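Following are the structures in question.
What follows is a pair of complexes built around chain A, which joins chain B in one and chain C in the other.
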Partner chain A sequence: MTTTPSISGTELTHPQTQALLLKLTVLADDEIILAHRNGEWTGHAPILEEDIALANIAQDELGHAGLYLSLAQTLGGSDPDRVAFWRGPDDYRNTRLVELPKGDWAFTMVRQFLYDTAEALWLEAATRSTYAPLAEIAAKAVREEKFHVQHTALWVERLALGTPESERRTQAALTELWPYAAQLFQPVEGEAELTAAGILPDLNAVHARWTDLVTRHLVDKCGLTLPDAPTTQPGRDTHTEHLAPLLEEMQSVARQHPDAEVW
Partner chain B sequence: MEDSTPSTVNLQPSTIWAALASVPDPEIPVVSITDMGMVRDVTVGDAGRVTVTFTPTFSGCPALHVIRESIEQAVRDLGVTDVEVRSTLTPPWTTDWIGDDARERLRQYGIAPPAPTGEGQLIQLDAEPTRCPRCGSLNVRMTASFGPTLCKRMYVCDTCREPFEGFKSV
Partner chain C sequence: MTQSQSPSSDTQWPRWEVFKQDAPGRPHQAVGSVHAGDPPHALLTARNVFVRRPAAVSLWCVREDDILTATPEELTTHPALLDTPGEPGTYHVGVKRTNKRSMTFVDLSGTVQASGSGDALRQAQSMHPDVLAWMVFPESAVVRTDEDPGTVESWFAPAKDKTYKQQQHYGVIGRHVGELKRAGLMSGRATSEEGA
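And then the complex of A and B:
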């Protein structure tokens, strides 16, 4: 996690800096937690190619987290490794969507599809950020994300149109995950001001594009049924019981060897 | 190096570019980091300070620190003591920067070179066509959209029956 943007960028006001720090942290937290869940398939995926694919995807997501946290560091945030490995569940701001246990293959693929499409569309919009360092990160990450979208869109299609068993599992995964996915479009405190300044994408516009894209794929192409999403969702400070054990495992090596420099 | 006094060697950027052209890509050693287009800028300052700017291929590439160290060492091997290696994300790396000569070496190595990225939309669900690096057939199937490294995918050729790796077009 050492790559930093070369341009320090436009001047931000203090409230803008604080809001952007929070936004970068929530973006990174989603990437880190989902990468860990995907990493749990390593050695366990249904076929070798998919074992490799999910590890690749996880590696990309961690790369994106590294970009966000390195930028956060230039704005006064802590060292990226510190942020990843030394915060507990009360301080993580990931969505509940990404912390749910990996479930079966359909659950993992549907979640990844919902997440990747949201991430790709958000990044695509963020390439037009007036804050140059963020626009640079988005331009980099969106090129990687398009491969995730291609991959997971195909898997969801294959599972939904496969056998009655795979269709049943895919629909069950979508029914469970859909309400959680809405949480990806909750703004952080101060986000409206950053959006007004053109620093962050308009989250409502991204949400509308996402709903359109995933509806076309999941409903029109794959024949799945979208459940109703709840009108309100708890915030990113509310977690399920699944986050604490995930962090305990993910952070165990770093915490046992706090002085380690070479892994 | 027998003399480690502050750099009195005053090199031309072209000399440094030539040295960097011999630094192999850690994951695909038939091409160099300059073949890959990863080295974006080389400057020589007044006091002989050399600054090399490079860009990562993929943000999660685990070889970044190796590349950074290799760049620094290659410049030091020219007798330069003051070296700075910077990374940049802009413009983002693209496989379009891989030159024709390097594409041919990739093909001979058994890796299908990347297709041109084109000017199309970034968010699309269809992949680009790929040719078998051994027999040149377009009658190929992607067997895995991710491969042993972040920049490659797995294919099999239905004409010559050989499996092969192909570069993603990024």
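And then the complex of A and C:
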């Protein structure tokens, strides 16, 4: 069986390499698309301080995408800029959760909370990966995610326990987003083998911890109601109508200047 | 002197002065302010606004209403500032020594036991007679980031990996202001804050 030597000396089989490449790509795709949605708030957030905060969060998420795609590149993946700016909606593998329009502040904060908690728990588990390069980037990224969680958890709590209007908007956001959030825990093809080898976290275990964590915050602390989540839903190759216009805008500069080297 | 606007004209959340500590053992320094609804929110926004990149190990936030500041000129024209009431207890003293610094304005120099804000200001004036401004606030008004390893790791450690370009990286359009001053082409007063 062919193997891909890694920078740490860990050897992956060919099927493992392909599955890991796919996993790193879907993780990066979620980060890129959510970062763009958050970037749409720049200049429009409720106050200057939150404008800066959300831009920080967006930059952190893009940084994580960079980590994932750089690791993917060592496994035979394409240049990260090519991956981000030259694939269309048919090739993106982000969840529908992150591509939905940014909505109001409650929608953005609830989505970010659901996402940050999932990412923080996944990354924490990934720091124990038997594949050292993944464990390293997880250790780096998880620190920022833990801070994001504090920020978004605070906002969700303030909004849910704020005025009748903020409570209504927060519940509406959760009702809409909750079914989409379950998709964060859909495994990619070949993921089971990577989990069995200790290379990737056990997604079901992360899902259980996430459900417990967000239920405690959203229901017990914030008094919100969780709707039912669908038991099955389409995979990451199915998108809403919102992804194509997002990519068109996000990729427009890169595509107009394909030879640009310095930004 | 710190003065809040009247509630009717100010729809902002309260303003909090932010103090950043660069390294253990170093004084906390005033770096600017944030608007926030409550203490935890103030700390979170302070972290986002002031320590995404620079080194830090601790942040304090103090509501502007709890801070008393004065310049020597203000004390001359408003000596009653020294009678400003407040709770007796421990007060932090900060001093501004120079205008020629960017990013920080006031260094906290220590604490005093005072009968109120005015008394703390009086002690600050006597301890540091030759400064541009004094600042005092009660210890009880300070909200702080936790010092546990988890907080330091998630709030402050990531900044160490982030790179940014120093101001001098960017070119100067036209001639540098210092050059113009040396050539006698600008009045000194207009450029006294130069170099920020």
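The criterion applied here is as follows: the second predicted complex is superposed on the first by the 254 of 263 C-alpha atoms of A that agree within 3 Å, B and C clash if a C-alpha of one lies under 4 Å from a C-alpha of the other, contacts with A are read in each partner's own complex, and residues count from 1 in each chain.
Keep this in mind: a residue touches a chain if its C-beta (ideal position, glycine included) is under 8 Å from a C-beta of that chain, and two chains touch if they have at least 3 such contacts.
Since the model is a prediction, treat every value here as computed from it, not as a measurement.
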For the combined arrangement obtained by superposing on chain A, do chain B and chain C clash, or do they fit?
clash
Of the partners chain B and chain C, which touch A:Leu62 in the superposed model: first, second, both, neither?
first
Between chain B and chain C, the one with more contact residues on chain A is chain B
Which of chain B and chain C A:Asp228 touches, first, second, both or neither:
neither
Scan A:Glu261 for contacts with chain B and chain C and give back first, second, both or neither.
neither
Mind working out whether A:Glu241 is in touch with chain B, chain C, both or neither, as first, second, both or neither?
neither
After lining up the shared chain so the two structures overlap, which partner does A:Glu124 touch, if you call chain B first and chain C second: first, second, both or neither?
first
Let me test your reading of the model: by the given contact rule, A:Arg158 touches which partner, first (chain B), second (chain C), both or neither?
second
Touching A:Ala53, do we find chain B (first), chain C (second), both, or neither?
both
One more residue to check, A:Gln150. First (chain B), second (chain C), both or neither?
both
For the superposed three-chain model, which listed region of chain B (6-14, 42-50 or 150-158) is the one that clashes with chain C?
150-158
Using the superposition on chain A as set up above, list the residues of chain A that contact both chain B and chain C.
49-50, 52-53, 56, 60, 140, 143-144, 146-147, 150-151, 154
If you look only at chain B, which of its residues touch chain A in the complex?
53, 56, 58-62, 64-65, 86-94, 122-127, 143-148, 150, 154, 168, 170
Would you pull the chain C residues touching chain A in the complex into a rising list?
12-13, 34-37, 40-41, 44-45, 47-49, 52, 150, 153-155, 157-158, 161
Interface residues, chain A side, partner chain B - complex:
2-7, 49-50, 52-53, 56-57, 59-64, 66-67, 120-121, 124, 136-137, 139-144, 146-147, 149-151, 153-154
Chain A residues within the chain C interface of the complex:
47-50, 52-53, 56, 60, 140, 143-144, 146-147, 150-151, 154, 158
